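Residue numbering begins at 1 within each chain, and the chains themselves are lettered A, B and C in the order written.
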Amino acid sequence: MFIEIKNLDIFYGQKKAVKNINLKVKKGLVTAMIGPSGCGKSTLLRSLNRMNDFIPGARVEGEVNFLGKNIYGKNIDPVELRSKIGMVFQKPNPFPKSIYNNIIWGPKINGYEGDFDELVEEALKGAALWDEVKDRLHESAFALSGGQQQRLCIARAVAMKPEVILMDEPCSALDPKSTLRVEKLINDLKGKFSVIIVTHNMQQAARVSDETCFMYEGELIEHDKTETIFTKPAHKKTEDYITGRFG
Amino acid sequence: MTLKQKRIFLDKIFSYFCRITTYASILILFLLLFHIVKAGASWLDWQLITSFPSRHASKAGIKSGLFGSLYLVAVTIIFSVPIGIGTAIYLQEYAKKNKITQLIKLNISNLAGMPSIIYGLIGLAIFVRFLGFDRSLLAGGLTLALLILPVIIIASQEALAAVPRSLRDAAYALGARQWQVVIFQVLPAALPGIMTGIILAVSRSIGETAPLIIIGALSYAAFIPNGVMDSFTALPIQIYNWASRPQQEFQELAAGGILVLLILLFVLNGIAVFIRQRYQRFS
Amino acid sequence: MAVTLLTTVTVIAMLAKESFVFFSEVSIVDFLMGTEWHPLLVPQSFGVLPLVFGTMTIVIGSVLIALPCGLMVAVYLSEYTSAKGRKFLKPSLEILAGIPTIVYGYFALTFITPIIKSIYPDAEVFNGLSGSIVVAVMILPMISSLCDDAFRSVPSHLKQGAFAVGANTFEVVSQILIPASKTRIGAAVILAVSRAIGETMAVTLAAGATPKMGLQFLESIQTMTAYIVQVSLGDTPQGGIEYQSSFAVGALLFLMTLVMNLIGHQLVFKKGKYDS
C-alpha cells in the first residue's frame, strides 16, 4: 500500500483534533479532503510529512505508513521524509530569492548533482509557468503575481521529484482565474505524482480529484471515489454537507 | 458656561496642550543642536581632527579621542556581534520554551536595563584588575561589548522572530535540516533587522562615557594607541574633560568635539535607516 | 547565552565581594543610615543617604516633568496627529533618545543652567534643577513611546463605544484610555525612574559634587553615579577604602535598578483587563 493511516489520533495539548483515522491513499491519484472549517483536515494533512512537528503541543498517536514504513516509527528521519513528500501551503510562500534560486534551493541542499538549468526548466514546465517566466528567471520571485507565485511554489515542490505533493488549500488566497490555472496544473500532475489536496471548496474537489474524503469534527466520515461522494454519498452527514445544508 | 460649552472648551484646551508639548519636545531637539552648532561650528575644522589635545585651546584637537573611539568600536564589534547573534539564534531557534529559557530572557532584558556605570565597575574589577588587561583598549572594548551585548541579542531575536512562519514551512517542506533553514533562509531574511540593531547598539557604545571613565581611560592622551594593550582615550571622554573646564574656549572646543560625535552618530543612524527601508521585505 | 548568565553572576559576585571588603570596615547600618558622606576628608564618613537624596532629587524632579509631558506627547501621537505627523514625530523623538548623555550634560551646563540663573540669581552653577530638567528630556521619549504603545493596544471598540455615546476626545482619553492602560503607564514610569537613577554623565556635569541631605534643586548636590565617577577620576589608590566605597554605592545602585526593572517588565507584560 502507498499511504496507509492506522488508528491515527492527533492532539493539540488536551484537545483531540483528529480522531481515530483509518485511510488508504492510492498512488498516482489526486485525493481531496473536504469538510467544514476546523474539522481537522489540515491537521491530518500536515501529519503526513510531519510538518506538525513544528506546532508546539501537537502530539500524534497511531501509525502513518508510507511505502510500508511507519513515519512516526523509530529511525525515521523527518527531514528525509519531507524530501519525498512535498507540500504547498495556503498562501504562496516563495523565498526572498530569484525564481531560479527558488527552484534549485531544495535540490541543492539535498545534494542534487545534475544540471540545474535543466532542472529549473523541467520544474517550471511541469508547473505550467515556464512560458511566463523563462525570460526573467533571475528576477525576484516577489515580482510575480499571487497566482504565479503559487505555481512557482508547486514548481519548487515538483523540482524535488517527490512521491507525494500535499496541498493545503492552495487556492484560498488566489483569484478565480489563477485558481483555474492551478486546478488545471493539478490535473497535469496526476499520474506523475500523488497529490493530496485539502480544500474548503467542494466544487474544486469535484473538479480536480479522483477520490474524496469527507471529514467532520475530527473524524473521517466517508472516503470514496469523488463521483460517488458527490452523487450518492453513503452517509447522511456527507449528503447534508455537499448539498449545502451546513458548513 | 453651559455644560456643553465647558466640555468643548476642555477638549480644545487639552488638544492644544498635547500639541504644544509634543512640538516643544521636538523644539528642544533643535534647540540643543542649534546651541551646539553655534558654540562649536567655528572650532570644527581640519585642525580639530588632526591635532592632539593641548593646554592651549587654539592648538587642541581630538585626534587621539577620535582614533581611540574608532579602535574601541572595532574591538567592541569583534566581541559583541558574533556572541550576540549566536545567542539570539540559539534562544529563538533552538532553545526549548521552558522556565530556564524564560529566566535567561528575563536576565537579558534586565542586563539591557542595567545602568552603564555598573558595566564600568564590572570592567574595572574583571578586565582591568582580575584579568590584568590594565587600562587598555582591550579592557575598554570588552566592557563596551558587555554593555551592548543584551541590546544586540534582543534586536536580533526580534528580527528572527519577525521572519514569517511560512518561510520556514516552505524550507522544511523541501526536506531542509534545521541548520540549513536557519543559515540559508531565516538568517538572511533577518539580517537587515539584525544589522539595524547592531548599528544602533554600536552608536550607543560610541557615546558611552561613564564606563570608560570608571575603567580608567586616560583623560589626556597625545598619542594614538599602537595595539589593543595600549592605553587610550575616547571622544566622549575628551568632550567631558573640556566641558568640565571653566574656560569659555574649552567649552566651545567641547561643542566642536560634540559636533564630530553627533556627525558620526547621524551617519551611523542614517545607514541603519537606509538598511531598514531598502531591505524591509516582510512587512 | 552562557555569557549573559555569566555577566549577571559576575556582576553580583564582584559587587558583593568588593562591597564585603568595604562593609568589613564600615558597618552596613552606618552606610545605609548615615547622613554624612565625606570619604575624601579626614575623618572619613560613609553615610550613603546624602547620595541617595541626590539621586532622588534628580529622579523626582525629572519624573515630575517628564511624566505629564510624556503622557501628553503619547496622547498627541496616538489620538491627534495624522499618520504623516507620526512619521515625522516618532523618529525625531527617537533621535532625542539616541543623543549621548555627555551631550545632554553639556547642554545642561551651558544652556539650561544660565537660564535657571537668570530666573533664580541665587542658584549655584551646579544645581539639581538643571540636572532634573535634562534627565527629564532624556527619559521623555521612553515614557511617551511606552505610553503610546499602551494607548494603541487599547481595543478600538472600547474607544468607539465611548465616541458613539457622544464623548469627545478629552473624555475618551481621560476616562477610557488612561484608566485602561494604567498598568502600562505605571510600568513606563518605573522603567523611566530606573533609567534616571542610573543616569551618570549628565548629572555629573550639571548637578555637581556636593553630597547633601534633602531635596535641593537650586544647590549643588551629588548623585550616587556622580560619586562613582568622582572616585574614578581622582587618584584614589586601588584597593583603598574609597575605591571599595564606589563598589558599595554601585551595589546599592544595581539593587535599586534591578528591582525597578523587574517590576517594570512584569507590568509591561501583565495582561490588562481589556486584553483578550
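The definition used in the following text is that contacts are C-beta pairs under 8 Å (C-beta built on N, C-alpha and C of every residue); 3 or more make two chains touch, one makes a residue touch a chain.
Everything quoted here is computed from the prediction, not taken from an experiment.
A simple rule picks the central chain: find each chain's mean C-alpha point, then take the one closest to the mean of all protein C-alpha atoms, which gives B. Relative to chain C, the most remote chain by averaged C-alpha coordinates is A.
Note on chain placement: the centre of chain A and the centre of chain B lie 48 Å apart, centres being C-alpha means. Inter-chain spacing, taken between the CA centroids of chain A and chain C, is 56 Å.
The distance from the centre of chain B to the centre of chain C, each centre being the mean of the chain's C-alpha atoms, comes to 18 Å.
Across the complex, chain B is touched by residues 1, 3-5, 7-8, 10-11, 14-15, 18, 69, 72-73, 75-77, 79-81, 89, 91-93, 95-96, 98-107, 109-111, 137, 140-141, 144, 168-171, 173, 191, 194-195, 197-201, 204-205, 225, 228-229, 232-233, 238, 246-247, 250, 253-254, 257-258, 261-262, 264-265 of chain C. Residue ranges of chain B in contact with chain C, taken from their complex: 7-8, 10-11, 14-15, 17-19, 21-22, 24-26, 28-29, 31-32, 35-36, 39, 83, 86-87, 90-91, 95, 104, 106-111, 113-118, 120-122, 124-126, 129, 146, 149-150, 153, 200, 203-204, 206-210, 213-214, 216, 219, 236, 239-240, 243-244, 251, 254-255, 258, 261-262, 265, 269, 273.
Contact residues of chain B toward chain A in the complex are 97, 164, 166-177, 180, 184-185, 188-189, 281. Partner chain B is touched in their complex by these residues of chain A: 49, 51, 54, 56, 79-84, 86-89, 91, 93-96, 105-106, 109-110, 142, 153, 156-157, 160.
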